[in-house]
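Common to both upcoming complexes is chain A, partnered first by chain B, then by chain C.
Moving on to the complex of A and B:
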């Protein structure tokens, strides 16, 4: 993929994540902060389907943005054909692993399997 | 000698000084990005404990809902706000907004793109981050 397209994806995921993280934080502030973290409250959040979808979207957007950012930082530090390939594929693998692990939590918790 | 000076590696990357506030913003942008990625991964692990039941979740809360945990969260809030505000400045800059018109490079070769508007945005981003941290501390400790 061309680097200019990758950067457009980087900026797009950033803007999307900012909007959705704002919703995520506002959800914590709908009640007292410590109460919002209680087990029953968090499970109720997961079982509310639109909010579970927001969490999934945040997970995907931040994973793409975060690991692409890490890739850019690592490529600024050192260059070379083998190194660049290793960094790119390593970041993609880490991104997929984080999305898979986070999705597992969201799916199981929203189905009441906790 | 000259070659050695140019080969500072990570040590050079970690040094935020020498080139003014823009270099400091560049450094802070990367540092906050890495910090936020580390927090994000830790947060995903932290929330996954809910699948192990109420006892495991409360044990994790005992670990994170402490004074130290709140201070770390306040730092995360600050990093998040700076990264967002400075990121928007960079996006606009990459789109050609706020970087000035191109012109002939005359002595003392001051780059037109590094102007007062951009500097002000960097200071505003740092100020906003500090305010958000204070608000976050107020919410977490004010209960």
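Moving on to the complex of A and C:
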């Protein structure tokens, strides 16, 4: 994949994450802040499907952006064909693992199985 | 006249000068494994004395073995780039008085392999520069009788003219923080030159050049520190050129 496409995705996920995290923070204002962080409120959020979708999207966007950022930092630290391949595939694998584990948590919580 | 003889005019300059600085010159030779160390020389100066003049004074009177590359002495050839008091500058374009210091330290440029003392190897910079096709790319020619001169409006010239002032001195690459860690990074010099030709209305090689810079160690590794533009002795703004080039790759510019 061309680096410009990767970077377009990088910038796009950053903008998307900022917008959705803003929505996520605004949701804290729907009730008293300390109350919104109580166990029942958090579970209720997960069980509200649109909110669970927002959380899933935030997870995906931040994972893509974060792991690509990590890949870029690691590529700048050291160079070499083998190393660069390992960094790229390692970051993709880590990203998939984080998304899979996070999605599992969101799905289980939204189904009331936490 | 023998080469070691001092001309009358130069001798008078030394004797008449009431001011002097301590010139600290970095000495190293990777080929013989000589580690970096500093040698200090007390050098007289006048208000017009440049750092290159002071180094040549040392070579002439104290130690002729100091390794330094220079040629034009007028900021045109781009040979005498070095770190002067911590900042990449052209030695021939930096007067002692403007440094406001009694001690002037000269070191070889960062991010380049050292050949000896103050001379560094430009091979990688030149090869990267060549890789980006630093010439007008098009099938027809303005020198054949069938075609006419390729005219440009002043506005079209304005788009790239500052970037054509680059003298390939390497100061921008030396100041670049990305180049310090990423040895494969194309570098601000070559990227600015890519913009210079892409922005030229006569050129048809835009896609070829964009393809070369659009790779993992290409244009996207620039973090826009802007240090390349700060140190350019010719007033070129490579950081701006890089941002404008990104506009082509992101689809903001055609």
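Everything below uses one rule, namely that the second predicted complex is superposed on the first by the 114 of 114 C-alpha atoms of A that agree within 3 Å, B and C clash if a C-alpha of one lies under 4 Å from a C-alpha of the other, contacts with A are read in each partner's own complex, and residues count from 1 in each chain.
Following the convention adopted for this analysis, a residue touches a chain if its C-beta (ideal position, glycine included) is under 8 Å from a C-beta of that chain, and two chains touch if they have at least 3 such contacts.
Since the structure is predicted, the reported quantities are computational estimates derived from the model, not experimental observations.
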After the overlay on chain A, what do you see for chain B versus chain C, clash or fit? clash
Scan A:66 for contacts with chain B and chain C and give back first, second, both or neither. first
Could you look at A:84 and tell me whether it touches chain B, chain C, both or neither (first, second, both, neither)? second
Figure out whether A:9 sits in contact with chain B (first) or chain C (second), or with both, or with neither. neither
Mind telling me which of the two, chain B or chain C, contacts the most residues of chain A? B
Thinking of the overlay built on chain A, is A:92 touched by chain B (first), by chain C (second), by both, or by neither? neither
With both complexes overlaid on chain A, does A:74 touch chain B (first), chain C (second), both or neither? neither
Thinking of the overlay built on chain A, is A:18 touched by chain B (first), by chain C (second), by both, or by neither? first
Chain B and chain C footprints on chain A, overlapping residues: 7, 76-77
Could you list, by residue number, the parts of chain A that touch chain B in their complex? 7, 11, 14, 18, 21, 29, 32-34, 37, 39, 42-43, 46, 59, 62-63, 66-67, 69-70, 73, 76-77, 98, 101-102, 104-105, 108-109, 113-114
Contact footprint of chain A on chain B as seen in their complex: 9-10, 13, 30, 33-34, 36-37, 40-41, 44-45, 47-48, 50-54, 57-58, 61, 65, 80, 84, 87, 91, 94, 139-140, 143
State the interface residues of chain C toward chain A in the complex, per the touch definition above. 178, 181-185, 214-218, 220-221, 249-250
Sites on chain A touched by chain C in the complex: 2-4, 6-8, 72, 75-77, 79, 84
